[in-house]
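Labels for the chains are A, B, C and D, by order of writing; each one numbers its residues from 1.
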Amino acid sequence: MDDELLEDLYYYMLLGRYFEYGAKENYLQGNISGFLHLDIGQEALSVGAMKAFEGDVFTTYREHVMAIARGISIKSVMAELFGKIDGVSKGRGGSMHMFSPELNFYGGDAIVGGHIPNAVGCAYARKYQGIDTGTLVVFGDGATNCGAFFESINIASVNKLPILFLCENNKYAIGTHISKVSSFEKQAQKAKIYMPTMEVDGMDVVAVYETVTQAQGYIKEGNGPIFVEAMTCRFEGHSISDSNQYRSSQEMELCKAQDPIEKLKAHINKDVAKSLEQKVINEIEMAVKFAKESEEPDIKDLKKYMYTQEGLKHVI
Amino acid sequence: MLYREALNLAIDEEMKEDKDIILLGEDVAGVGGTFRVTEGLLAKYGDKRVLDTPIAELSIVGNGIGMAIGGLRPIVELMTANFSLLAFDQIINHMSKLPYMSASKIKLPMVLRMPQGVSKQLGAQHSENYENMLSSVPGLFVFAVSSPAYAYFALKKSIQMDDPVLFIEHELLYNKKEDFSLNEDIDPFKARLVKEGTDITIISYLKMLDDTLSVIDEIEKELKCSCELIDLCSLNPVDYASLEKSIKKTSRVVIVEEGHRMGSYGAQIISWAVEKLFYSLDAAPLRLCGENVPIAYNRKLELASIPTPDTIKRDIIFWGRQSGL
Amino acid sequence: MLYREALNLAIDEEMKEDKDIILLGEDVAGVGGTFRVTEGLLAKYGDKRVLDTPIAELSIVGNGIGMAIGGLRPIVELMTANFSLLAFDQIINHMSKLPYMSASKIKLPMVLRMPQGVSKQLGAQHSENYENMLSSVPGLFVFAVSSPAYAYFALKKSIQMDDPVLFIEHELLYNKKEDFSLNEDIDPFKARLVKEGTDITIISYLKMLDDTLSVIDEIEKELKCSCELIDLCSLNPVDYASLEKSIKKTSRVVIVEEGHRMGSYGAQIISWAVEKLFYSLDAAPLRLCGENVPIAYNRKLELASIPTPDTIKRDIIFWGRQSGL
Amino acid sequence: MDDELLEDLYYYMLLGRYFEYGAKENYLQGNISGFLHLDIGQEALSVGAMKAFEGDVFTTYREHVMAIARGISIKSVMAELFGKIDGVSKGRGGSMHMFSPELNFYGGDAIVGGHIPNAVGCAYARKYQGIDTGTLVVFGDGATNCGAFFESINIASVNKLPILFLCENNKYAIGTHISKVSSFEKQAQKAKIYMPTMEVDGMDVVAVYETVTQAQGYIKEGNGPIFVEAMTCRFEGHSISDSNQYRSSQEMELCKAQDPIEKLKAHINKDVAKSLEQKVINEIEMAVKFAKESEEPDIKDLKKYMYTQEGLKHVI
């Protein structure tokens, strides 16, 4: 992998990390409210996958870093967290609902597993349209126990759809350990009968990047679906209101020892790393400033985005 | 043309025009649909555009949403509304909310069709009406048409719209026959004035509309009055303007529907009417509904659970007498 | 005692008495419940009786039903009502219908608990109210209590009953505090008379009850009238007798609820009231609801989507003036 | 297998077959209405499983023969089809909803896959109660594509529940062939990662009986769930209103050549077979007569069975 790419991955992981720090800080100051699912610790997966994959992306509520790595401006992501009009969803969506069809980024979904059937449908559309880049759907280990997931791997398999199922296995669904809800730790097992599966160290951005690239190659050749499982570890509670008491300090230490940013840093020129860090800090500062200064939505526009322009005409 | 033929024609004409339209559902391809609505379309449009799905309602709707996100214009069929319960998460949390949550960045040009209602002895799990629930969801357009002409025009409109539409049919209407010209100018968002009258506004939709119409003469004769009968057609949004005009004229309002009384769709209509038009009303409104009971298999119990022409007549006449008619 | 503590105590006391009572839901064991309602119960009753489930709402409810069929008395928790949509098939096609379809051979002594409502900026997929849908299902008992005392007594009653019960909570009520004696004699099927009055009957439930109560003095002062405030508690069946008594006394009725206006729960109450008591009413009924729009993340938009103390006061006063008060 | 058991199996298959003939005839005469899913051709599975399995049973809408083999009187099953008060569900349930808790028979469900989570819950109850016979849940090949099924095998597996998943694979879901909705013909594949699986010729009642017995043995030893797939073939359309046009006459011929009743007949004493047939014909005649003469439910009892006695008191 060339230095430029390594630096790009490093930059985006750092940007993601500091973005989350900024979000957390502003949450505690009361500028942000509601749910806040921080991606701290899991940046390798978010950045590696977004940078490697060309096609459509569907993901979960823990999406800030993916949105940013996909190319959505940190200003509009931060402004969304502030609920402002310049937010990527104009303040309507919030932390869990960010979309950018121009970048083939389709959210952000707050229903565990709920976006998976949507991704499968989109993959069908792509196949129908003869677009070979396919669709990437990201979900957690917990989501692999719900009906929507199972139905989806079956449907993708029988229709040979161009879709990459990417399971972010951090071993927890909020406070419930995977061992309580699944007979095996590796969830790729569930997909084995339907499609090829791969496993990757989700704390290693280079590995993620390469595995996703390889998986996309498989899709582009028209082979149908593929499943990648990335073992990861989140550094924070499930959401900002989760006190994380179900994990021992020992477990947390082991977890943090795998910091993907630290891991990559070893391969980055020191000066470059330093200047990137400064750049990121400045950018986040600007983003927060931007979000603060952005306007609140106008109450008279409460219903504005419910329907298309034409649809609105029919609503009294 | 039969009701089901009108639906078939609407889909056929639209599919011919636009290759982004995809049809999916259980048995819609090979079998041509349980109620024969999609008959012949597989042969015409091929198996890339007419898809038999697994029995997985959550995914059927969820895949349809994804296809729409991906730029297609899916028409999704659920075999009956009873199974739509399995897809409520996709219908409500996704189909109805994605456009709004994305500030209109996501468009969902899709139609979700499903028949509902008490047919004949299909048992409690196959006899429900869910328009009360489905019409209460902001973000969805909901049609429920009772005539072949409206079936044709409303379904075409639904397919052409760029917003998500629910299209509710009734299992006992598929063989209803009506002649009409394909060149009529029908706006399915407008309630259909089935019969003009001056003394009672009777509102209905789907099969109950026909059942009411079948006894309206007798009601008028018995009460010596004239009834105005309105077919809602669009359940959300409601054409309140037409209702208001009629109720102001007649000063009396009745709604006839098949669903259970508790939390029925008609409760919304009656509640709106009295909030808005209380001082124009000369009598207590009347709401004829199904009973609050699961639908039994036995035919007598089944019929005792819903309005029938006989009970509609009986109940409106009884009420009319009490209401100064 | 806090509302959530009252719920916890009710469960705890019942579990102590009857080892057939099983608790299941996402994060109810190890974490003690997202809203801390089941805190401490795993330690007391062990992991055979307090179960953390996978994220599979359809199965959570479906398994609960099967446990009840098998002779246990499950208390099932859904993390929020928003996810109940995934279980609507089990709730409606199974939980509500099995006793009837089996002619009472199958008994379902189970409680399904879930919180709902607009909390604070949780976004469109986490802010809904579904009591309008869930109360319209024949075969289910539905409680929605707004006070710690009722939380305690109604939940105990729900657990003790041999029929399937839905128990709806509001996310913003869990930390509500109230002192009460465990020896009170409260029948949760009876509506709670929160405040007596003579001129307006105001009906509400869950959080809107509190919001209404918080401005009732100001309304009375402004309108120079006296308001009667009723907390429904049981949404199905409805204590119509109490409502009738109050409305006959006051001749005016208002309902305040959080859900979207279209097809709201209150539409049923208003519709019932005018069908039954039209000639006792002196004024058009008033229904204060949420707007017909998904709940936005932004706080201003969110608050503009539902009644708040300010708008409740404003709207009731405006209506009161128009209604001859 | 001793003669007595063979004769018993033969008798019940025959009783089931003639019952279905009687039901069909009375449907065409207008005495029965609604759905009628005939089990003709699949009696080996229905009878073999019911006779072999001791514990609780949950099944689908195609349930008459299972109900009968379980021990519910043919009179009350027939009367239910007639919608009469002496029907097993007092005319409330109909063809798809028959229950007998005394015989541990819990329906009869008209929602494809809907009963599977209920069976899993019941299995939990049995484990909790220390009852080792476990629970049997029967479903079709089509049901193995729905979320409820997938969630169930996962949950049964992680909790080691005493449950036998019995898939009746007749290769069709109404008119849709399994190849259109699944990547493989044998649906046991889907369960392999969660539990042991077995396959059996579903047209051979002895094989079904023995396999189910063996599977129950596995459950009784406390091993957790097990999956049995029975390949079968239905002789009629999906329901009485299905014209069965999606199957060629050649396919139907091959199908009917496997008639489980003919197959077993070869092992039954001719005279015994003959007298059993006469017995069965008489019994069905009596059952039809009984059903005809039974009363219709009283309309004033419309709501009678919605709640328990105590529950009813709270309903106005």
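By definition in this document, contacts are C-beta pairs under 8 Å (C-beta built on N, C-alpha and C of every residue); 3 or more make two chains touch, one makes a residue touch a chain.
Every value quoted in this text rests on a predicted model; they were computed, and no experiment measured them.
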item	value
Higher-contact pair (C-beta pairs counted), C-D versus B-D	C-D
Centre-to-centre distance between chain D and chain C (centres being mean Cα positions), rounded to whole Å	39
Whole-Å gap separating chain A and chain D, where each centre is the average of the chain's CA atoms	46
Chain B-chain C separation of Cα centroids, rounded to whole Å	29
Distance from the mean Cα position of chain D to that of chain B, given in whole angstrom	35
Shared interface positions of chain B, touching two or more other chains	53-54, 56, 58-59, 82-83, 86, 89, 93, 100-101, 123-125, 138-139, 291-294, 296
In chain A, residues with contacts to at least two other chains	89, 92-93, 97, 109-111, 114, 145-148, 151, 154-155, 158, 180-182, 306
Chain-level touch network, classified as line, ring, star, complete or other	complete
Residues on chain B engaged by chain C in the complex (per definition of touch)	58, 82-83, 85-86, 88-89, 92-93, 96-97, 100-101, 123-125, 128, 132-133, 135-139, 236, 259-260, 262-268, 270-272, 274-276, 278-279, 281, 283-287, 291-294, 296
For the chain C and chain A complex, residues of the former touching the latter	26-27, 30-31, 34, 52-59, 82-83, 86, 120-126, 291-294, 296-301, 304-305
In the complex, chain A residues that touch chain D	145-151, 154-155, 157-158, 180-184, 189-190, 192-194
In the complex with chain B, residue positions of chain A that touch it	56, 58, 89-90, 92-93, 97, 99-101, 106-111, 114-126, 128-129, 135, 147-148, 151-152, 154-155, 158, 304-308, 310-311, 314-316
Residues of chain D defined as touching chain B within the complex	33-35, 80, 83-84, 89, 91-97, 109-114, 142-143, 145-147, 173-177, 180-182, 246, 296-297, 299, 302-303, 306
